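Going by the order they are written in, the chains are A, B, C, D, E, F, G and H; count residues from 1 in each one.
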Amino acid sequence: TGVTLDLDRRRRCGFPEVIYGEGKDARTIASIIERLLASEVRVLTTRVTRTIADELLQIFPGAHYNASARTFRVTIKPDEADRGYVPVVTAGTTDLPIAEEARETLDWMQVRTQIVADVGVAGPQRLIAKLPLLAGADAVVCAAGMEAALPSVLGGYVDCPVIAVPTSVGYGASFGGVTALLGMLNSCASNVTVVNIDAGFKAGYVAGLIATRAHDARRSQ
Amino acid sequence: TGVTLDLDRRRRCGFPEVIYGEGKDARTIASIIERLLASEVRVLTTRVTRTIADELLQIFPGAHYNASARTFRVTIKPDEADRGYVPVVTAGTTDLPIAEEARETLDWMQVRTQIVADVGVAGPQRLIAKLPLLAGADAVVCAAGMEAALPSVLGGYVDCPVIAVPTSVGYGASFGGVTALLGMLNSCASNVTVVNIDAGFKAGYVAGLIATRAHDARRSQ
Amino acid sequence: TGVTLDLDRRRRCGFPEVIYGEGKDARTIASIIERLLASEVRVLTTRVTRTIADELLQIFPGAHYNASARTFRVTIKPDEADRGYVPVVTAGTTDLPIAEEARETLDWMQVRTQIVADVGVAGPQRLIAKLPLLAGADAVVCAAGMEAALPSVLGGYVDCPVIAVPTSVGYGASFGGVTALLGMLNSCASNVTVVNIDAGFKAGYVAGLIATRAHDARRSQ
Amino acid sequence: TGVTLDLDRRRRCGFPEVIYGEGKDARTIASIIERLLASEVRVLTTRVTRTIADELLQIFPGAHYNASARTFRVTIKPDEADRGYVPVVTAGTTDLPIAEEARETLDWMQVRTQIVADVGVAGPQRLIAKLPLLAGADAVVCAAGMEAALPSVLGGYVDCPVIAVPTSVGYGASFGGVTALLGMLNSCASNVTVVNIDAGFKAGYVAGLIATRAHDARRSQ
Amino acid sequence: TGVTLDLDRRRRCGFPEVIYGEGKDARTIASIIERLLASEVRVLTTRVTRTIADELLQIFPGAHYNASARTFRVTIKPDEADRGYVPVVTAGTTDLPIAEEARETLDWMQVRTQIVADVGVAGPQRLIAKLPLLAGADAVVCAAGMEAALPSVLGGYVDCPVIAVPTSVGYGASFGGVTALLGMLNSCASNVTVVNIDAGFKAGYVAGLIATRAHDARRSQ
Amino acid sequence: TGVTLDLDRRRRCGFPEVIYGEGKDARTIASIIERLLASEVRVLTTRVTRTIADELLQIFPGAHYNASARTFRVTIKPDEADRGYVPVVTAGTTDLPIAEEARETLDWMQVRTQIVADVGVAGPQRLIAKLPLLAGADAVVCAAGMEAALPSVLGGYVDCPVIAVPTSVGYGASFGGVTALLGMLNSCASNVTVVNIDAGFKAGYVAGLIATRAHDARRSQ
Amino acid sequence: TGVTLDLDRRRRCGFPEVIYGEGKDARTIASIIERLLASEVRVLTTRVTRTIADELLQIFPGAHYNASARTFRVTIKPDEADRGYVPVVTAGTTDLPIAEEARETLDWMQVRTQIVADVGVAGPQRLIAKLPLLAGADAVVCAAGMEAALPSVLGGYVDCPVIAVPTSVGYGASFGGVTALLGMLNSCASNVTVVNIDAGFKAGYVAGLIATRAHDARRSQ
Amino acid sequence: TGVTLDLDRRRRCGFPEVIYGEGKDARTIASIIERLLASEVRVLTTRVTRTIADELLQIFPGAHYNASARTFRVTIKPDEADRGYVPVVTAGTTDLPIAEEARETLDWMQVRTQIVADVGVAGPQRLIAKLPLLAGADAVVCAAGMEAALPSVLGGYVDCPVIAVPTSVGYGASFGGVTALLGMLNSCASNVTVVNIDAGFKAGYVAGLIATRAHDARRSQ
């Protein structure tokens, strides 16, 4: 069927393979989900359209679809979100879908998270007012489009890594997120690292990896 | 000699033609300066190398060469810098040459100015500490390289236009100022407008035009 | 709801936050409008589609929707357009929607304005015939697509800043406005400054800022 | 020796092969010149550095080297420049080397020519004053860098083809002539066609082809 | 109505203004056509969709719409196609719409023309077989997409200018015609000059200008 | 009809002309197929939509349409796939349509082939497990999107040429296959060569050419 | 002097400001170092040329200059490299200078580190042989140029974040590291995050931040 | 020393590792050569400057340095160039260094080869005259810069793969070989495949792989 699963991934990398839903039909996704469930892992599928999700929900009625994030999750064990803490900060309201994808990924990794939305730099007092929400973070995900100045400013206020995810929000010379991507790569804040445009999953995953490992270190005392 | 001067420029545009020194030899520049002086205007030449400047200083001993800005000025009347106020703000230390070009242009336009250097956003308290220096500005010039987040933050603190000038400072994906340029064009602050990369002259000129006109309005009471 | 308003903006920057309508549903926009009206400011929303506008007009029957500009305005006080003068010049007929966005912004700022359309450079006598309409301008907005030669020519005729806005008009190597943007950034006229592609709002805003400040200076006599 | 001459070119295309000097040493160029002279054609070599030219002048003492154009010509018959008329117009002083390359090419083709320099659009009266020099042109070559607005304006004044050649003059977002190239390709004037950046030779050649053919038509009466 | 006609164009440039149909509604186009007809010129409109054309044909029943070229012509005098000769050559079948736009433009200019289609270089005998059709040409229009090798080969067989028009035909790294455009600009044939991507009108216009002027020269004997 | 067939292609190049279906209607394609069949060659058409295919199947009922590959084949002789061996390897499931186009091309050339799907490098054991399927290959086609690391890894395991075809699979900074293309061009494996983005046909064709020639060499013993 | 130090950085971000040496003269750097030493922090300067370093070593004889990394370090306390573990892996020999910059940064952060060089993917057994050196890593820095396939392969073998740093190594379409950057951003491995081209400092800093925090968590038991 | 040799390469891939000389000093190269010689393979080093080569020739007096190709070869067995035939064709004289690199690689692989230089398409009779030299080729390497039309024309004349290598020859919009690269990728000839800009080594290697395998097939009869 054109699919070769990597069922050994969790052993090598700590978390199982995540299904990239783009361009896959419901039948293909369902069969992958079943094989993953059979190996007893929590299942996350990204880039799932509403139509595909409706078909999948017929097959997996207990699953969770997030229409904004376009993620589809099937989990065999209840969620316990206590494996570290990663806030997800956005510059504008329109960055929310990407932030949601990051949040769903963190939920799936059982990392505590919350979204701090619309604190872009042109109203600087907004971020300062919300800094207490960032206390104790193991890493911060920061989603921004347009000129993406937020990660640089944010990076100057925190002592943990900032995983910056450029969003395709904007018009004209924002070039579908390229300007935001370039801005983030050139951030003058030393603690900012970058993932692909609109890659909410990857930002969440890397941040979650940092958090779960720090959490394990704390617990292993 | 390949030069066609626009001696009518001051009448139409308020200020005389400025000499673009790039690629012109000392003899050509000197002859243009002389023709401009003959029509009794203050003379500004930009992009003048140290070598060319030394030759010109032989001919115009009273002239002023700014090696960092690479500008050469010959003025028939003393400078009275009271035609409005335009601070020039920079994100980093390395943006100074561009800031100097803007400052020389403002001096030539007889606008009051000062440089506020190295207040980039990764250390946010630095800009806040210097905000008093921006009080009463008719316009602000803001020079920044790398991700150029500063104009967006600055724009959120002032009620006048911010003329943003991207600098070619940075490495890797800064692409000689292109990243800074794109960031500034996509600024989420409404009062930010942009000139070409390293165009300290143009940033200074537009800001100076706003200042001198506001000054004239104030005086015409 | 993913929205963090910057209600302090008018105090710091002279004008309140403008709502960026792109990607927001009618309910979100309506709730923001209500909160802004509650703080007694004039409300401008940009990038509003006809469908969203129809929903909003149910809620705000006295509001003004400009379908060409895609702007939606709700103003508590009557418009008095006397805070300076900013003509909006276009190179072609197809640049009109962007010019309209600039004009609506200037109306909202209570600046006097008018559109001077279709005076592109290939018929040079057209601009010359309309130069009287530019007399007394505090700033000029100039919208052009394709090769965008107009701001350079216009800049040579006026003594105030020209805020150039590249439009995405054109085909082939016009690259959705990139060619116009680059041309404007490289303008040989010293008084030309640039905003993002299709950024009629920003061009109008910066020009309006110059005009209102000059107007206040004139009045403060 | 790695060279395969196309000695049949004059028969097929009207003019013999021109030697592209870039990257060729003096010995290689000299041997090509000799073979071309042997077939009794006028010889033009482009992109010849001063050093190479000095070596060549030892071998061909009667030849003509133009250091600004970087062209080297050896002609067996005297020049009679009467095969039509092509003026070469430049926007700025720094476009002169490219204009010179075009002029040398036209000389080699025996077309009457002259350079009209530094009539860029920011001082519009300069071009108008020189329009009489364009009367009777079979084609016009127009060299411009930066935003390259000149061909569009020029195109609106003449009734013959304008061969626009973008120059690599400028800085920042002029990208070594790319901005000028794009501007010219998108010219709103219908009679503007374009050659490669800094391709003075090609602009001159195409214009010369138009002129010599029109001249032959006129004479064949 | 946002339209400023250039009714003086024919006097200055030899041919009247052509209407750029893109983005204009039928009413606007019809009113421009009427004003142009009133000044007794032949009318050409480009980029007209089938829908707009149907509306226009109600108003101008004798007009001619070419659906492939998307051109709409209204001519007061009968067509006499004898003002010189310009063949239009294409590399592939899919370049035909652009070739048609060039042909319609040449018809409107009363230049004799014909299309020589699908003679791309991978089957070299095809072009050679059709060379007789190029005999006597005043200029050749050459439309090609993908790697656009045809103008270079064609240029080596003819002694008149080749006006190359890149088409947006191709996929992958053809980038909507950019590869073809760059290839043509870098053509090793000296007689190749270039217009914008898909600019069949411009290619036809410049070629037609060369042809009509040569024709007039021949006739003026 | 705008079509000039190259019926001599098989003699010169070993295989007849393949029909590029993009932008051609069913009638045009059918008439070309008929002329090709008349010269007794196996017919392959690429880039055929489902709608066009349905029309063609009415005319050529025995033909074979592959909806994923978008290829349409009409063969006069039965397929004997024994002219060498070319496996087609893909990095992900979504690369399958391009792999299918390559496979159809190889079928048409009568080369033995099979698809080895979804063995991307993040699960390295997958490729190693499938290496036996590559034994005896004359060449390997490798389709990959996103960062396209697979050809480099694959190249290190085989002793025959790897024809890499970048796919437009991915999002954000994958730029419709440009990132994959660039990665493949810069492959550190010496045996990797590259075709255009999504050019499954070309990858299959070049690989098939290598295989059939090796096969002929083997048989010619 | 154009420098505004951020002496509060260590309190907010965990580590003091690092001096960006590019474009600063020895005197400026020395004075910053002195002010930083006065506030009792370990000092790291990046992008220091050999010439500048020699001047600085006169002033700070006990300092450490790494000519390959171009870093200059002055530390008041002895180095104890026990704050976690970060291996630095390179694809080729030529990536070493960037790896060295990362290593120096990790030394300065007192993180244990070692370089694993030249294990690019075209010889896959090389990386596998060195996997034991990655055991126990808190994060891995991976430097690669050309097609930069290594981070994707590496990411599939480890369970911690991979901080990928593209290097400007390569030629042709590697575009000074842009191809490597794009490849890394599109990595199919979920645990790969990216910094700017040649940004060895930043890669080391983010990895070091992860390591020191994990180390502190382990110790805080 | 930062080098991890892949001594198993010949077993897996048919030919041993080639040393990439760029950025390596003579000592490093010499030590790699010695280790390779110890494993009894023929040694090829690419991108070796004259200076480095002189040092190496002290150590390996019997070695062969090609200054144009910048290759350095040390072979333990005499060259027998009979493993198939690969002609190397160039469009212009300036493409020779890249052609030489391909030729040296083929020599090292013991493949018979010869250079057919300067047969670019603007003089089409030149290639036709040399077609006999291509008879019996197993593959053809084709090096071309500027618009790179040659591979498409060449591809139409031969029945074997054409390995096209774009060269960085040209000026203006040739962008250091990018235009040639794009043209080749979009070649309308089905048998053209492409390697990186200036990658003479890779073009020679892939062509040599095809030739040696065909040769082995012929011999294994």
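Here, a contact is a pair of C-beta atoms (placed from the backbone, for glycine too) under 8 Å apart; a residue touches a chain by one contact, two chains touch by 3 or more.
Computed from a predicted model, the values in this text were never measured in an experiment.
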*If you walk touching chains, what's the least steps from chain A to chain G?*
1
_Quick check for the class: compute each chain's Cα centroid; which one is farthest from the centroid of chain F?_
B
*Hey, which one of C-E, D-E or A-B is the same interface as A-G, over half the contact pairs lining up?*
D-E
*Would you mind pulling out the distance in Å between where the CA atoms of chain D average out and where those of chain F do?*
46
*chain G-chain H separation of Cα centroids, rounded to whole Å*: 37
*Residues within chain G bordering two or more other chains*: 9, 92, 122-123, 155-157, 172-174, 178, 181, 185-186, 190, 196
*Which chains touch which?*
A-B, A-C, A-F, A-G, B-C, B-D, B-G, C-D, C-E, D-E, D-H, E-F, E-H, F-G, F-H, G-H
_If we count contacts the way the header does, which residues on chain F are in touch with chain E in the complex?_
2-4, 6, 8-9, 17, 20, 22-24, 28, 47, 166, 168, 177-178, 181, 196-199
*Residues of chain D that touch chain B when the two form their complex*: 90, 92-94, 96, 115, 117-119, 122-123, 125-126, 130, 169, 171-174
*Which bits of chain H are touching chain F when the two form their complex?*
9, 12-15, 18, 138, 155-161, 163, 181, 185-186, 190-196, 201-202, 205-206, 209-210, 213-214, 217-218, 220-221
*Spell out the residues on chain E that touch chain H in their complex, using ranges where they run on.*
91-92, 120-124, 146-149, 152-153, 155-157, 170, 172-175, 178-180, 182-190
